[in-house]
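In structure tokens below, several structures.
Paired with subunit B in one complex and with subunit C in the other, subunit A is shared by the two complexes that follow.
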Partner chain A sequence: MPIVKAIHKSERIVPVRFARAPDANNPSVSSGPYDPNAPEPDDRGFLPHTTGGAVLPVGLNEATALAARPETRVRLIREDIEDAGALFVTLESATAVAITVPTPGTALPNTREMMVKLRAVASGKTHLEVRFGSTTGPIIHRLQVVVHPLIDVRVAGHVPTINGVPFINPATLTPFPAQSTRTDASIRALVDTANVIYFPYGIRFVLDALIDRVGVLNNFKHQGMVDDESTEFNRTTALNRVQNTVNAYFVPQIADGTVLPNGTVRNPINRTIGVATSAKTNPINFGLFVSDIAASGQVIAHELGHLLNIVNDPTNEFLHINTKTDPAIPGTGRVVRDDIVTRRRLMYAFTSLRRDTTPPTRPYRDDVGYGDRTVGGVLTIKQLDNDKTDQEVKDVRKTAAGLSRPPGP
Partner chain B sequence: MNGTTRLENLLSQGSWQAVDEAQRQGSAALPILRSVLAHEPYVERQIAMKCVGRIADPAGADILAAGLTDTNINVRIAAANELAQKSYPGALDSVLDQLMHSPEELIQEILALAAGHLPSLRTIETLRPLAAGAGDLALNARMALAKLGDPAARASMVADLAAPLPRTRYDTAGQLRYVGDASLAPHVRKLLSDRAEAQPIGLKHAPRYRRVCDQAVDTLVFLRQLKVSFPVNLEQIYSEDQIRQVEQLTA
Partner chain C sequence: MPENLAISRATGAELATVNRQRVRIFFQRFPGSVASSGIRGLDFTVTIGDAPPVTGVTPADGKIELRLGAGEIATLDILGSKYAISLLSGGLHPVAELRGVQQRLNILGYNAGALETPALGGTAVLATTSLNQNQATELAIANFQADHKPLFIDGVAGSKTQSRLQQAVQNAGGA
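Now for the complex of A and B:
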């Protein structure tokens, strides 16, 4: 096997590995925006042994005819094996997916980065195998592929009018409006981005055709503002509520803004972009709020993750996948990890990545595969024994499936 | 417009109001719902499953059974969810078959709960090996076995009421509502003094915590059909007086 590597004592050999393929045609591209057909493999380690390596999520719209289904792509990268080595890809079983690129039976190109494309066939799991020399040669690497059929989650959109004491926006010196300025089109665009992120995990948010703009909330503390840390949260989610559905409320501000005697501001303006409560643990009042300062659909995708019951840490330590509860740091909590894999995950606590400014800077931390300082959209599939924030896909699918039935054990 | 036409129209429009209309018509609506199985838009078939569940007539078992092998997962989930709510003896074969062979673990997990409504030797024999594993499917299989009266499964759940992790005690107390046997109430009653915080509710950044005793209140009210003077639901954190009231009613 053409692997040339200097070894002193012992060395781990990694002939090839799989990676996200942001560009549909160029396997050398390593960064690009969220794409439903370019999922990120969950490549955190080699466990469990039944998986043996990375796991690739693939979305499946069962209502689409087989030939019309989009191709899901993944890059195969030669790490220790020479470009001249002949590599082939095969499937353990062809019931869940079919290989469309390369043409079945033909070798992959003799380049460092190669493209593999798959078409979802049916719900299920299989392994994509990398073989050396021929289609029956030895397997040198494999990737578990999990096909997730799309579960529909109905979303009822609301743009309520919130009446209260006007609160002057210091940026414009005018009061926040009583009603969100978002158009129906901009709301749909946010949901569309969430659907791009969730497609590989088999979740589709279906926004009602009519967005409710007639609801009125009176006697709130401030006009156009919902104080999510008060009873205003539940008062809002009760407004024109559609049962067993994600009720999404688009409001100018999620804040209180009251200045306390010590000079601090309780629940300040322009801080909370979105917020949601879990449908599993708050079956009566769960809901999603998005403020007018939210610009990215990643925000709504993240908050929908909370609504679908992640992070679900049985010990109640983790608030997000990178922050833990700490009474000394109310709110987001204490940051406990910030590696590049963490930065790729949808449930990362922050909406953008903090740039390295102290030399030596590490640019690979600023772009983790989704653009400069952009958080990724990954949900974890694996369950690693010591990680309390894992199996996110299982949690979101389970909660989504339960949304159409009454709350129960 | 008569009821039949109204239901057909609502179904063809993909309107969830069909569920209320089906409930109004009751079992008379089953032939229409059966005919929807051949309709192409999966949303119609999905709503039909919800309609059958709302009518709650065991004669609709064949419709739900057909839903389990539908080509669309939303229909499969809707069918499984309804089968998990009450007993449809006519769907026994389909439930056990899909419990063993569905490619979707999610569906299998729901169907394990459905199997708990279907007492038979085959059900027990199907559930036992599943209950021996780990994960949600095993957990649901144990719950189903406990509902069917399996002594080992019941003992396992009772033991979990004393588990070291508060969340385990909390979750198990909630799962006993599915088991639905009032004779288990004394085990749950012991948890009324368990003030350990188990489940955060509300906002992630400003959580409140449901304690094990709060879940115990919910389960005791359900199992013993208690009439209490305060609202009972999964978002309540009960006062000392309210907990004391449940203690007295179950003494």
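Now for the complex of A and C:
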């Protein structure tokens, strides 16, 4: 069956595009959990063309022998071309990555979705080229590939005891405990998830072998609770601090002391799941907190992003979840970022997605490629004229490089 | 502008006037109307009706130009694919409608997917409210906004985005 085109004067046909490959073997799968070897191409817009369209981040562990390095995968999708066309992938330069799938020199399968796998060779950049007809045929699409060698960042874990007035949890009618109930294993699991998200960007967080559980903080306002908008934040980050290192504090609750317009203080219970300050702008007392209600490693990954100096929103544009109309901003040009591209960012302001409830609902927005109502793990690489969330990887790697390394063996 | 060409019909000696319009198709690496995105060197064959096939190779901007009359279908063989090309009858839908936005994004190569039917909101007038029905359309809008400073990127085709979209299609020779 031919592709039918009813054209009004002109049309631009872009035959193929690249997309994240959540499944290791099935290129038809479009959604799946965070995976260090399934990075998302940064495909926000297509200008400037000097970037070669989308950009794919690839992590490189130089301590692993070349043949044992994992394969990074990406899907190629025939968007406006039939399956019969013979497509090949080549590299502009083979110094940074090698193509492992398909076998070099052979055509991609005649299917709508195809899998391409790469193996990191060395730090650097190249372009993955899609060619028609042969390995020397016309280039019909390009993907820039950036290989990031790992930067190890030391993390000192703390589970402090926080003494203060007992605060009754209305759900259990018992006070919150003075100390987080997290085990060492569960803390390591959170850091492991963060490392899954950060691998393509070449950052690895290494948690100290010993997690500090002996620190005690007295005379806090509430037992087991840190008010991050008071001196309690800095008092905590000074506790058993390891200088120039990521000090991560695991606490039962983080209070939200925001004063609402009616003068009351926002309910402090189960509201804030994590908070962090930048190592770049707060070099003396930077640190991060994760509360016991944080269930996902994505939370610590997000807060580590803050610690490495990237923000939710450089221009206060992320004001709402699923906001469809904003009476305060009539007409167009709403100051709201909640598009599905934004929802794929690790630094999206919210750690879970809510369903649309006001008709017309948009169920397609519930899964942006990481599972139902799951925020993505994307750090931006491209520089665009029109998006202030640019070049997060550059900032993160620069900040990480200035922090201390894990102790040697 | 359409060209009025006098052609000799096989059915008789009389001359008929057929309104033929120029159609330009650009094969590109990326969406938008930047010439450097063009795919050079693609062999193609165009067949219109009983006329002998015409062959060619795409130039640097990836452009193939055809002249079609109403009801005519050109078969374009390129990239191992066949495209059945015809003139769009009735013109474009209003840009204020969802399907009008989708049409224009597709013209520019942003791939907004199939046009929504009226029953699914295809004719709904877009304002501040997002009435997108699928990820392809929302992605296409967001990518178009990212490429067209100073549009705000929100995946919603409000009046500023609509205006810029119409302008971009006009500049690309589309409407």
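As a working rule, the second predicted complex is superposed on the first by the 360 of 409 C-alpha atoms of A that agree within 3 Å, B and C clash if a C-alpha of one lies under 4 Å from a C-alpha of the other, contacts with A are read in each partner's own complex, and residues count from 1 in each chain.
Criterion: a contact is a pair of C-beta atoms (placed from the backbone, for glycine too) under 8 Å apart; a residue touches a chain by one contact, two chains touch by 3 or more.
Predicted model only: the values in this text are computed from it and were never measured.
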| item | value |
| --- | --- |
| Which superposed partner A:Leu384 touches (first subunit B, second subunit C, both, neither) | second |
| Per-residue touch tally on subunit A - higher for subunit B or for subunit C | C |
| Which of subunit B and subunit C A:Arg355 touches, first, second, both or neither | neither |
| A:Glu11 touches, of subunit B and subunit C: first, second, both or neither? | second |
| Which superposed partner A:Asp228 touches (first subunit B, second subunit C, both, neither) | first |
| Residues of subunit A contacting subunit B in one complex and subunit C in the other | 330-333 |
| For the subunit C and subunit A complex, residues of the former touching the latter | 21-34, 36-37, 39-42, 58, 75, 79-89, 91-92, 103, 106-109, 111, 121, 127-135, 138-139, 141-143, 145-156, 158-161, 172-175 |
| Residues of subunit A defined as touching subunit C within the complex | 2-15, 17, 43-47, 49, 53, 79-82, 84-86, 132-133, 137-142, 317, 324-326, 329-342, 360, 362, 364-365, 368, 384-387 |
| Subunit A-facing residues of subunit B, complex | 42, 50, 71-74, 77-78, 81-82, 84-85, 103-106, 109-110, 136, 143, 165, 167-168, 174-178, 197-206, 209-210, 233-235 |
| Residue ranges of subunit A in contact with subunit B within the complex | 62-63, 122-125, 149-152, 202, 228-229, 233, 275, 277-278, 281-285, 306, 311, 314-316, 319-320, 330-333, 394, 397-398, 401-402, 404-405, 407-409 |
